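Sharing a structure with you now.
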């Protein structure tokens, strides 16, 4: 079938490539003309405007939008609402807030256009590994676009079959799922990313504990009235090989995972992670997951702590820390210690 | 080579089987005579005492201990210290606290016996998948036992090679690692389990958020002076298929992992998890990891929160909760609401 | 001056009483006729409708609304918008979400009516101790109602002067503050309650640690493969007198606070807190504070953890806990332990 | 009665002064001769060695040790064990780990000397406000030293009586408490400090949320693929006066407390807290409280999070943050953003 793609950044371009590999035709558009040319050179049909993209697609059209969430997506959806015809389908494959999907779907529905929201996981590796796709929207639109989802998904062979499942593999076993009505796709993807934050933080914290496991050999065991001495320095004398440890966890361990695979790869590249300063961005889904937990009244201490750690990595805890130092100065006359004393 | 095994429970028996599959000979002992008979029927040589086990092994002996951590391990190590000869090697493959290894190694060293501490991950699946092995102790003893570790480990083919690694695969790429001196193996395994706690909790919290995603459709949106009303019930109207969602995450997603595989399997068996009451045990390593973080001065909010959630799952937060209710009653005259009102 | 009061529950009635004690006149209305009669008997002028209340007040009127946040407040504001005259002032003294204030202020502004949002802390004790008042809205309306705020506030003598402050005491030193434009009062009150959640939880957790301090004397120190044994039971043999401990913290300690005072009182009434089941409600502000932290990108691990603990106290973590048990069963074959075994 | 004091730092010197104010005699010793001279000038009897201090006290002697916890306390206790006579009493008033008390008490008991462990809260303000004292040890020793505890404690008048208490005020109502056998005093003080960490963090987090409440007015609302845009910038446009807010919370609010009083004082001195860098020390008790919670199996998410925040304030989360950035780079090709972009 034919797919239109708007947004040819890292993710969008690879989606096009994977769709074309499966034999489908793609019409592509981006404000960046070079990005269009590059994909045209690989076999896509380039368009120089949204209108041109529409003209090059046969009705009913399926147009995938892969642009930054928020105001950019808003304006593309708006343009599509004004451009496409009734019966056409827009797929928002970016990291939109699922609440925005509900709004966008209403906008489009007024023109008879369908919206599918599609949470897309897989990152830069998805071109070869395939993407995990979580889709929301109406049944009819989903059925129309399903061949594209099937092309993008990793396929059944990407994992051993789950014990207890039998018969023909379900779409979920191919790696894509129609999760429910509008917003359900991005809702499930949001929670996926919340879990991702927690898993990443668990690994990162564990590595940090290993990284400091030699502190008993290197730090003086004495403290003073304001700094806790080490209780048992003799138990912290391990100079550990983190790249090897991440590697050994890749096979047979309970924590075996793609994130551990990637951690092992990163540690081969940079055993001390010196290439990084430790400022960790957050792109919305972690926040939204934490907010969803609060609004549902569900405890999510791990996901929420992982999110807070990212904020702290960007020094957004600084004023709070100053307040703690100020209180300590007030009640105990404690001065802050110089950085070197830590 | 020959391996002695003491402790033929779920883990110990499977270790023996996997070692025998690789062509090694096993002499096995357990206080439970039936367990010995069962493995003898599978090709092991049964022993009826620790002394008998010693007698049936050629020096230098390698004796793997696979019994519960704590006092049981203590007494087995003590018996081995009194029974084995200088030059023999004891492998503690259980979940011992790495600090106990240091004590045990000293005990054994007085008799010229070596201790290897071996953190063993893989659970009931290890027989077929292989075990991830994290070993501490001296080089000589490690080299002697290495064929056994190689037999137990999953092997290189169990995962794609990490980008950037080349040449002959390292032991870590086979799935076993000599982490450092005595205790290093269980230290690394301890942190592994700490990470496991965090990962498991991340998944569990995410599932709970999905599980409650329909609360806006089912719960009255109104609150009262003591209960928060839902701010946006219209955004919580998703009746989600959790078994399918766990399945779709298995392929291509960033959180793809063995734990997600297992979660998918559990949800096939019991989509509502009704087989469980939700009392989650903890077997020591999570506690020790959290304590190590504190003693090193390293923040580990995710791992620590995961541990605390397990305590709370066993209602160990009850007195604290009563104290909160008591304070609310004092300052606001708030009575607790009946359970049905939640 | 004259004050109208709508909502004569626990809080509203006491506000009226304290205002009257200061020599002001109150016109009171509640759908509950008995509540109106009771206060009329104490000197207030009763009204039998919002219109009647308006009629009994001289313009420009000041009408305090003290009803549950959410839909009840919404409908009262709506009725007031339809009833009052331009130049009148509505004070929302309840626990409204500050975002609702912004909406309500717009509604009222269309009719020329002012809104003041007033966060009111003090609980059932406020009648005698006075209330801490955090007010948002325009300067003119604040200035008009200031005598009422001054009457409700505890007054300068309620605390020793803060070192470094001099000259005439500021309004904040009397116990009320004009925090900023519409919503600022409830925003500050919201954060106040977030802090309250954290403080309460800190006390409650501490009491729980004291409560269990004798576990080494009472619990068997042994564990098994699924339950951590106590590492050092000899260090947990303290049978502590919690009512006395809470009492000793009331004088001279760093944690001296009204919440500790109330805790001490609760423990005198019920040393084991047996009067409570431990289901802790949350009334919105804690949630909103946690959400504000997330939206601002500020780490708030303590406040957020306190909120999560309340959710867990109502067993809203149950599905997550079941998921953990299910995973443990999958990878380790671990069955859940019976409740008695905990 | 007579009291010996070893350690004339900030705390020790003020303890001597308060004891002398109550009419008791003090013999004082410190390695710092000037500190001895200063107190001698205020009426204490100076000693130039531990032996001299002993000689100047009549048996049975009471010697208060007020030196840094850990190795310094260890050596002073050792010297006292070698110097004092059977029947004498040592009071460890510092911040010792309660487990060390158990060891010290055994050391001293061999010589017939008693140990009282005394947790001392009150900081630099204790001279005038009095100290909250939590004491462990045997009844006989406690009874002997009780007049000193009574002199140091704030006294009954320092707080209104707790409702429900009647008859003669208990020692706890004076502000000192015999909590139980050896270690009980420092155990209770340890938990007190754990609560203090939690309370302080709650206040600090709340202030940080207020501090950032204007972010919607100052930051561009747009994000990009790696940074979450603000969802609702229009709700974060409050430029708040933190010194005034801390002040208004001091009277009548639920969070009224000494820590809020001190926060208000700090904000008068430095409204932006510019005097501080935000490196927050921890002096042991917070760590020990968190460890006690873990060993008891009690969830303490708030206290533990507060402790972790202090670690993070000293950048001890840096390696973990680098690991997160490394993972993000691996799966998404995300580069870290420059500091200015935060």
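Every chain is named by a letter (A, B, C and D) in the order it is written, and numbering of its residues begins at 1.
Everything that follows uses one rule, which is that contacts are C-beta pairs under 8 Å (C-beta built on N, C-alpha and C of every residue); 3 or more make two chains touch, one makes a residue touch a chain.
The structure presented is a predicted model; accordingly, all values stated were derived computationally and were not measured.
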- Task: Tally the contacting C-beta pairs at the B-C interface and at the A-C interface, and name the larger one.
- Result: B-C
- Find the chain most remote from subunit A, comparing centres computed as mean CA coordinates. D
- Message: I'd like to verify one number: the distance from the centre of subunit B to the centre of subunit C, where each centre is the average of its C-alpha atoms, in whole angstrom.
- Response: 42
- Please report how many Å separate the Cα centroid of subunit A from that of subunit B, as a whole number. 28
- Note on the structure: So, in whole Å, the Cα centroid of subunit A is separated from that of subunit C by 37
- subunit B: which residues touch two or more other chains? 123, 201, 203, 205, 208, 212, 228, 231, 254, 258-259, 265, 282, 287, 295, 297-301, 305, 308-309, 312, 314, 316-317, 320, 331
- For subunit A, which residues are in contact with subunit B within the complex? 98-99, 102, 121-123, 126, 129-134, 153-155, 158-160, 162-165, 170-177, 179-181, 183-184, 187-188, 191-199, 201-203, 205-206, 208-210, 212-213, 215, 228, 230-232, 234-236, 238-241, 244-245, 247-261, 264-265, 268-269, 289, 292-293, 295-303, 305-306, 308-309
- Write out the stretch or stretches of subunit B touching subunit D in their complex. 254, 282, 287, 290-291, 294-295, 297-301, 304-305, 307-309, 311-312, 314, 316-317, 320, 331
- Query: In their complex, what parts of subunit B are in touch with subunit C?
  - Reply: 9-10, 68-71, 95, 97, 123-125, 200-201, 203-205, 207-208, 211-212, 221-229, 231, 258-259, 262-263, 265-267, 270, 273, 275-284, 287, 301, 305, 309-310, 312-334, 336-337, 339, 342
